[in-house]
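First chain A sits with chain B, and in the next complex the same chain sits with chain C.
Here is the complex of A and B:
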């Protein structure tokens, strides 16, 4: 545990009854970082968030936020955290202005200028009824309510879900705006890899209940190598290669994707005597799908240094 | 300062490299001149809606490649051309571009003679622009 980390999750395990949700997850989020939390649906992202925010108990292990045990966060510490839950629920009978007043009553600090700036950004006016807002507008209202208390730690659970491209862009701009002030930390979960690539410093990948990556976006991309080998005749069968995620054969080609490639990967592939061999750059999305897709092996961990 | 462009995260080219490519292009086209200041990291990051560290990294690469220099406390500026690459590296980079050009021309069914004409024209055009603007890419022979 380092002093500069804002969220520290250690060996977190959670069962609902007999069902395992997350297993032995350890992760720390440094101060000032924009952290993207990735994983397919039902992989325990929301549960992990709820546990480190102290809204649910862990079965084993636990977490600290601002150095305080998540299971016993003091109200003063909670006031430093802004949490935007999934779904963006609001009381439909309130106006936008009343939503703000309602929220403000719960926080010691409330910056009305920020509240109004975010509303304007999402083209909301204070007299609008919350119940009549579009999804994007509702997200904007909830974001305004979350940002106005000027939280040092912002936790967004799938904030872009169901938003149109314009609202998504506004959301990203708001996130970057928040980090204008040094020492503001953002932890957000998302399925939109392109959004993640734009704004995230680091990513964590939760897959099949376990954490499978905790590194920068670039490291993630660089740790996955994709090669296309061309042959004059039918490609030979694939040899044992450490870290092989996928291989795909056609008539004259063999395409392989490898995680955490060993230094001798290229020479091993060259031993197959292909006519040509080309490395192919992958997009973050392709890399992600290859890494957590159904056919992938599940035994790798990426931390930017070595395979575990 | 005309660095108007956008980045595409869904690309197989990392965002920081898209930024360096755009700056290089602006240099060759004469849109950026020696001594001109690049936008502040924060400003460009917000304009492109990307993480500021990504822009900072792109600037680092430009500095490393001898195209820009950092003046402490002020910002990053387009610098006088310094050749930071070894002869081998320059040849490697040239070969790479030529290979791409050759592939493209062959796929489009152009004879070598036409490619040569086109290259010569482009060379003159680019050279004129970069030398006129006193650009670091426009080396005088």
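Here is the complex of A and C:
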């Protein structure tokens, strides 16, 4: 583990029965970093989080958090980690105040001001029944309970899941406001790439049980190139190109996405003799979808068949 | 955590309390179906049904409600992530839950006890010890509570090892509700031990993420115990089911009887020939009167007077006399003097208090008590009898013995009359005489058993017959007595004494004598020994006996020997019997049990090695199976951390997913295949090993 790593995952492999969930994942989360953990559903994101938080055993490999083996995290170390699992669970029979009291009992560094500030931000009052809160309010309450102990590491498992855009933005604002002040580390998984793009310093992408990317957001975007080639006739099939993620052929157009493009990529594409060739800037969302989407060639022809 | 669990589940506890209370009061209000239920309250079958099943159900529901709704993945993760030890979470849940369980089960039971103890709700006296069965059921319900915690927390298949928590609880329930247990502390101890085992196993289950090997050693042993007893319960159930399909059982045997004309008969029952009645010479008797089960109306009714006449071995001192199961109503309240049939009142004998108590049947009003010093109305205190009343089975008859005095009870007149007492004369038994089924009532004669004779007395204590013994009472000290309906002839049937070894008894003849009222011996019949075949053994019995647990079987023998060495007469007797009289059976069972368990131990060893357990672990499991037989083998299958095998990517032979190198080709696990689309920058750990990246390309 490097000196400044908060989370250090090494060669983590996990099976459920004979089903491989995560294969040989290694990851290091530096202090103060906001780390986006991306991947399609069922790719092992939550499992990875649960393993480095010590709630599941790794089949092979392992992880450390704050330098401590995640399989045996001490309560004092857990108190330094704020964990917001997906689903925003609260005990429905408690009031908002009781939720806070129940949570505060476990944490020596409970900051009531933060708790109340987040509640106010989400327009929550102490006497509200947790069971009667909207999804967004529940997320706010959970966030308040997670942030109030002033954790050094914040682990959020799809925190915006099921929230409307306003609630999502509120959640993000609160999270950033509180954590950025103290230069805390955040590790969060999400499907909302616009949020990730807005806040993350680095991202890791799990695809097919394997870690496919671990880099800054900019590096990720820059490592993917998307070209649209226009033709007079039906475009030819794509030749073998290193790093080709996918190509999409229509009657007169060929869209190509390539990862880690070689220096001669454009000249090789030019060999296809397109009428025009245009590089397209991608958002993180576009890049991610292209990256984890179906690989290989896809076609769509209006006349139903490909021209010779 | 305590506060949260309490608040979260108190509504269920209150609901359970109301439901259980209703069920228990319903059980109390039901008319009993069995003989002793007619005058039972807290030991009534219907009531005990409600406490047994009710407490178990409350335990299961409360336990599962504390775990399962919260075990949805995110909620459970949030709970486990709290900065406390998992033990703290478990203890918080368990202590709050058990408090809620007692809140749900104790108040309804206390209310029922109060209702029974308060006057005039039942025409039955309340004896404090009657609360024992209910208290035991409440303790047993706690087992189900901890079983539910264990089942909820253990990771695994519901129909796999998880369910065995419930089966272990059922095993204890089977045991403690058995009618053979006499001491109250035994079921309480059994319940506490199993509850402790389940509690510890539940703690172990939450302490780790599912593996056995990471659990604290105490939790591992508890898990083994829980699964083992669960498997045993399954075995018992299988035995019952198999028994249903095995060969129907027939009784084979021969007994001697005497008809009302004073003719000795030999009655044999077998599967093929049915019932055959012969005289002592073996001539078949064709008599319509003996054709059906009503033949007993034409046979004199031999009444056992005492097993211990002479008693040079002091067996009587060890006898509890009225020994009954702690769940039996008759342990606390015994019907007295045939008053069951009276319309207005009932009298009971209370063995613990050694006094009689009467109630008006219609109004439930207490009539009073009768003790050694006579009758006191209402709740007046009487003096207890100095000695136990001996020798009753279903009710205290009108003639009974206490110490060396024989009494006749006339309860409707509120008195007990001493009808026989001779200073310095030991009485070995006293019983009313019965001639046969039709004339049982109204004989008004009793037998008083002395060292050298039996006296037949009438209701005033007048001796109407003296029947001296004519056999060696040390050899034939078990005497039955019968009277001819004409009341002028008396019969004694001498059988081998209780202290003679069973194998010797089988070789000994027995005797019947006919005497007149003066004790003149009119006839003596020597009855050759008969071999009592009993029920034929089935293949299923042979197998199920062979599957007994060697650890307990031999442990019991060692315990008996150790007890004998430490001076316990009871354990010494039991041990000596098994090693002498019962030696054939003891040896046979030891061989069968050892053979079965040795076979299963070999299976366990091969199985363990085949699945790549280390030699040390393999031998440990084989030893475990050797000690616990088939149940041990199943336990091994259910609790061990079994490796999962997949084909090796290099050699295609199976290898465990946890092993870092293949035992066949010694290859490690290959890095994920690189496609050239991976994006790692300088901050990535995957850039720390470029050679791995290059290698995969």
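Throughout what follows, the second predicted complex is superposed on the first by the 291 of 308 C-alpha atoms of A that agree within 3 Å, B and C clash if a C-alpha of one lies under 4 Å from a C-alpha of the other, contacts with A are read in each partner's own complex, and residues count from 1 in each chain.
We take it that a contact is a pair of C-beta atoms (placed from the backbone, for glycine too) under 8 Å apart; a residue touches a chain by one contact, two chains touch by 3 or more.
Quantities reported herein were computed from a predicted structural model and do not represent experimental measurements.
Following the overlay on chain A, give me a clash-or-fit verdict for chain B and chain C.
Chain B and chain C fit side by side in the superposed model.
Which of the two partners, first being chain B and second being chain C, lies in contact with A:176: first, second, both, or neither?
In the superposition, A:176 contacts chain B only.
For A:34, using the defined touch cut-off, is the partner it touches chain B, chain C, both, or neither? Pick first, second, both or neither.
Only chain B; A:34 stays clear of chain C.
Touching A:268 in the superposition: chain B (first), chain C (second), both, neither?
In the superposed model, A:268 contacts neither chain B nor chain C.
State whether A:249 touches chain B only (first), chain C only (second), both chains, or neither.
Neither partner.
On the A-aligned overlay, A:202 touches which partner chain: chain B = first, chain C = second, or both, or neither?
second
Which chain makes contact with more of the residues of chain A, chain B or else chain C?
Higher number of touched chain A residues: C.
Examine A:76 and indicate which partner it touches, taking first as chain B and second as chain C; both and neither are also allowed.
second
In the superposed model, how near does chain B get to chain C, counting Cα atoms only, in Å?
Nearest C-alpha atoms of the two chains are 16 Å apart.
In their shared complex, at which residues does chain C touch chain A?
Contacts found on chain C: 3-4, 7-8, 72-75, 77-78, 80-85, 208-211, 214, 644, 646, 657-658, 660, 669, 671-672, 676-681, 683-686, 688.
Under the stated contact criterion, what part of chain B meets chain A in this complex?
7, 9-16, 42, 45-46, 49-53
What residues on chain A touch chain C, complex-wise?
Against chain C, chain A makes touches at 9-10, 13, 15, 17-18, 23-24, 26-28, 30, 46, 50, 53-57, 59-60, 75-79, 81, 83, 85-89, 91, 93-94, 102, 106-107, 157, 202, 205, 209-216, 219-220, 223-224, 242-243, 245, 259-260, 291.
Can you list the chain A residues touching chain B in their complex?
By the definition above, chain A touches chain B via 34, 169, 172-173, 176-177, 179-180, 193-195, 197-201, 218, 221, 280-286.
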